[in-house]
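The following blocks contain the structures, represented as structure tokens.
Two complexes come next, and they have one chain in common, subunit A, joined by subunit B in the first and subunit C in the second.
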Partner chain A sequence: MTEGSVIPPSNRSLLKPAFLAPPVGYYLIFFVAPLAFLVVLGFWIVRDYQIVAEFSVGNYVDIFSQFFSRSRFGWALVQSIYIAVTTSVFAVIFCYLLAMGIVFCIPERYQRLFLVLAILPFWSSYILRLFAWQLILAQKGVLNHVLGELGLDDPLIITNTQIGTRIGLIHYLAPILIIILYVTLINVNRNLIEAARELGATRLQAFWRVIVPLSRLGLVFAFGFGVIVSFGDVLSGLLLGGGIGRSWLGSYPLYSSMIMADYNSYTNLPRTAALATIMVIIMVAMLVVAYRMADRAKRQLA
Partner chain B sequence: MVHERARAVTGDTVADLEARGIAKRFGSVIAIERVDLDVRRGEFVAIMGPSGCGKTTLLRIIAGLERADAGTLLLRGEDIGDVPVHKRSTRLIWQDYSLFPFLNVRKNIEFGLTLKRHDKKAVRSKVEAVAEQVHLDHLLSRRIGQLSGGEKQRVAIARALVTEPEILLLDEPLSSLDAHLRIKVQSELTALQRELGISFVYVTHNQSEAFAMADRVVVMNKGVVEQVGRPAEIYNRPATHFVAEFVGANNIFEGRVSDAADGTVVVDCSHGVVRIAGYGNTIERGAAVELVVQADKLRRHQDGDDGQNTIRAILRGREFTGSQVIYHLETAQGVEVKMVLQEPFTEGEGTEINAEMELCWAPEDTVILGHRDAGLP
Partner chain C sequence: MKSSHEPRNSDLTGPRVNRRTLLKGGAAAAGAAAAGSLTIFLRTARAADTLRVLCWPGYEEKDVIQEFEDTHGVKVEFKIYIGGEQMLQFFNQTPRGTYDNVLADAEYIRKLAAIDAVEPYNPGEVPELANYHPKFNNMHQVQAGDGMVWGTPTRFSFYAISYNSDHMSFEESGDWNSLFLPKFEGKIGIFDWYLPNMGNASLAVHPNKENPYDLTDEQLGAVRDWLLRLRPQVNMFGSGAQAIVQAMINGDVVAGMIGDLDIDLKLAGYTNMESTIPVQGGIRWQEVATLCKQSENKELALEWIKYMSQAHVQAKLAYTKAFKARGPNLKIADHWTEEQNQLLGYYPDPNNPGQMWVETLIDRSVGRDLPVQQEEKAWIDIFNEFKTG
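Moving on to the complex of A and B:
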């Protein structure tokens, strides 16, 4: 991209390996090695309640043979992807509007303050936040109590459904998405918005035809990030979604919580590893798709 | 240097744009104190001034991007002061062109036409007609990032023209072009303006641009209009101290009128007496005045230069600019004098640094600031 960057002629300084070694070592020990172990473990078997290092695809055969039947791993996977994508869509819309408000409606010198306020939840514990949401959203929680006082007798059922899962996830994602989208919007060239207005665009047309195309890269980043994080999360689905939360698809648990359950049963660790490997593969696939989309968005602005 | 365009300016007197008493402040900063501006139909008006003089703000007010605090704005007789920006029939060409980087050339040009209900075929043919007019027809499917500065500017112009504006506003459109390209684009712009017959209001800080293109030049400073006139008038007869300093290379002498008789005004300056022709007897004796003498009207005094104003000064430095040489001199009283010559002095007696020399200029070539000269219409 940057043609001006000059590569210095072979840098043989000893500082280079000295500085590179710690991060590379850290990465190898705490990321690559465990991941490799997870993948390898998935091809081992259990015999007499003992893990045996013997290559076999038995775990995968076992998983896929009952994918949409008895174990319902497949349905959980579909549920997970469905929840991850919809959560990310809602989160991006919510955070985009919020970032728009900060960038375009708040005077510049107060913008940082509002940004900090918007991302404040980031510094509180995720689990505590989920419990707080439980108190608010439960069938006999704060929200339904207030609605009851207002005369709405039928309580809203949010916890133990995937709507609850999504609320927890959106709250979790919001601070990061707000920062991504704020940076995106603050870099939108205001002259282009004025140019559109000057050419006859209403405010709404300027939004759809200039601001949105110019934010495309940020929106793709935020969406991709939201999908991958939501897909991998287990806590919101357990604490707010009640483990097997209901959605339009039906009452299926999330794939991540099925891995948790499988792990907790202690019966077949290699099979759990195989399930986790499937999840990792799907996440990598999502990353590739997100990267492709971002690349396309970036090329459009060049 | 200054080409006066052979073109009837005064023939068509239909007003395209009339601005009366426009004022604008941003917080405590006054951008425009009070400005009146008239643009006749088909006229090329340049608003010239240093940065921060309010020229761009004035343009933005006309475009509807800013709201004036006071004053009225009439476009072809219609008050547009309350018309929101997207409903005005003015079009602005931006200094940085402000093209949409995510759209190709065609999509950029058609932007203004696709905002309302439109017939796709009609839009297509309009875009193609305008593209041909500005020689972009072969670039319609290009991305903006692949265009040169000059091509970008043509896209900006096409994008504005395709909406059939009643008046075109240009905000320093040449400032981001290379010097050699600028001259070419200047003549393209004037040709285009003549072809279209619509008014151009052109904002610039560059006097050669303004003088080369405009029918009339408006010189602004600190939010007020200093002078309005044809380029030659502004150049030869500056009306205020600011215009005299801002335009060209002028010498300014301060003095007091000692006599005014027989059509000649005599002024006592620190370096001696200056005679000025062409002002009649209208100026009071004893009045303090400022005199302006263009640096290219000065020359070295020779035998036979009788009846000329003379000044003795010491040569302090010279500046070779290619087509001309600027000599910087100083009188014994400490007044700076500039002289521009097309040909440098030949090396020789009396032309070295710190040599004293005698310069002269004609009485008719002296301007008295703040007084209307009887010789001009």
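Moving on to the complex of A and C:
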């Protein structure tokens, strides 16, 4: 190396800020700025059908004054959290089993093909998928027709319930969760499974004591992802859940659909923004919980 | 369908230019981005012979607009919205003068006038009004005072009972209270918007009220009670017509306060789908063509309004690919086939000699409006209570 071409110490290199700028800029423009605007807008008011930048906590006072009475935004929020958590549990179980099937039962050279087949729905329209599910699950749909042919006369009521909402969401989440869990399972050290088997563990014991603990990080990540996406989704609840689908909690709409209805019917964007801000705060809380769970799983693996 | 722009002056949102106004402009721009409406008309690229219209779907279809473009040698650009609130958002997100005409629901005229967006004009400028049903010449929503109007109606139809005739009889459909029949428990569909539903509920409780949106608090309380009583009968709240149509086809819903969805269903071969306005009355939606106050092309904009008032144009507008509706110009029947007239009610009413069935429906219905004695919020809160009840 000649004199004059000395590489500067890494902490003085311009490469670092140059490479950091795009992700930081992206984060600021597409996450921080819109989020900050949403939060600020929630504290503004509407006068003569126009937004006025005048600070007020009126929107939040109004929303929380009828959180569990009249408009019952709170019950809608509880319904959303309940549906999001249960959907994610079912989605993770379903996708975990599917990913296990691909990793452990399919010869390696065919695994990519099966993975592509499993995530194929990702390339079709979500709305079209929901309408297709309507045709299948409706009272006069394909499923009840088949059951009728088999002698079961009482139709299954699935559409316009939260079971319908969950089915649509699981189909939506599946391709992504399958990839997450496939990557997790493909990295499980086979030698450890074989060692457990040779030391006398049954298949079930090997599964519970080796495979599950080693895929805990992926499971936690998939679960967290599923909860957050399900919580924010509005379409499945509207098209398969009927907007007010019944769960054991009651016949409450999802919180996301309450936000949408507020936007569509009320010339008061600040109140809609306040409703959305509450949702974002819950989502951030979910992210924090998911992060901590993932962190704990990571430390246990280390 | 919107975009970057070069404001003509610093007045982005109205006459007041101060920190608040600028913040509002920023809010509108960010709101546009948040709503995913990133395309804004390019003002600098605007040709002098271009008319810009903010409207519901249907007006942009070639069949409807071609003649106007050919006659005046202009190009009409359309920005399509779905829903009155979206219309207001789109309007507020663009500099004044971007649009020459706004096609708005009649009750939104009050909001457009409040934000100084529309300009009144002399109804004498629109000679075709002579062929309109009288109710459309006397709509209080468009009266601007001193004999001037805020707009001219172009298309309308009804929110009433749509029903599956395999489950609900014609007689039952003639009374809002039939929705409470035990056989309809969990079988009723509701369009998820407070205005038409609460208007219909108001008429159910206060039959044939001249303005079902002009209620005392006590009267509004009775409407609330009626809705809460109806709640166990409700199967779904549809965010749009398509969801409810699908539910009716699938058998999940057999009737609903959703309007004349049967028109498209009948055309698709579902002959068992019907709709009617109960004896207590029903709500009518009405689209109105307005003239934008800051338009630089007012003469042409008024020509477009006159064009849209003509029977042969409304015959195409009310029968677009987007959806089927009805036209306030009663001469429309002369431009439709017998089949179209039958489908849309432009045929003699046997019980009212000298008038068409559609006129009977118009007489039985009331135009959708905004709450008169209470804030919108009071009504929305009641509707939310109904929905989450």
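For the reader, a short list of remarks on this structure follows.
FYI, the second predicted complex is superposed on the first by the 272 of 302 C-alpha atoms of A that agree within 3 Å, B and C clash if a C-alpha of one lies under 4 Å from a C-alpha of the other, contacts with A are read in each partner's own complex, and residues count from 1 in each chain.
Assume contacts are C-beta pairs under 8 Å (C-beta built on N, C-alpha and C of every residue); 3 or more make two chains touch, one makes a residue touch a chain.
All values derive from a computational prediction rather than experimental measurement.
When both complexes are overlaid on subunit A, subunit B and subunit C end up sitting side by side without clashing. When subunit B and subunit C are set side by side, the one touching more residues of subunit A is C. Looking at the shared chain after the overlay, A:Leu214 reaches subunit B, while subunit C stays out of its contact range.
With chain A used for the fit, subunit A forms the apex of an angle whose arms reach the C-alpha centres of subunit B and subunit C; rounded to a multiple of 10, it measures 160°. Look at A:Ala53: by the touch rule set out above, it reaches subunit C but stays clear of subunit B.
Contacts of A:Leu113 after superposition on the shared chain: neither subunit B nor subunit C is touched.
In the superposition on chain A, A:Leu239 contacts subunit C only, with no contact to subunit B.
Of the two partner chains placed by the overlay, neither subunit B nor subunit C lies in contact with A:Leu20. Once the two complexes are overlaid on the shared chain, A:Pro34 sits against subunit C while remaining clear of subunit B.
After overlaying the two complexes on the shared chain, residue contacts for A:Tyr266 are found with subunit C alone; subunit B is out of touch. For the pair subunit B and subunit C, the least inter-chain C-alpha distance in the overlaid model is 44 Å.
Those residues of subunit C that touch subunit A in the shared complex are 13-14, 19-20, 23-24, 27-28, 30-31, 33-34, 83, 85-86, 88-89, 92, 111, 114-115, 192-195, 234-239, 243, 246-247, 250-252, 376-377, 380-385, 387-388. Residues of subunit B touching subunit A in their complex: 63-65, 85-87, 91-92, 94, 96, 98, 100-103, 111-112, 115-116, 143, 145, 159-160, 163. Across the complex, subunit B is touched by residues 189, 191-192, 194-202, 205, 209-210, 213-214, 216, 300-302 of subunit A.
Contact residues on subunit A toward subunit C in their complex (touch as defined above): 33-34, 37-38, 41, 44, 48-54, 62, 66, 70-73, 75-76, 131, 134-135, 138-141, 159-160, 238-239, 242-244, 252-253, 257-258, 260-269.
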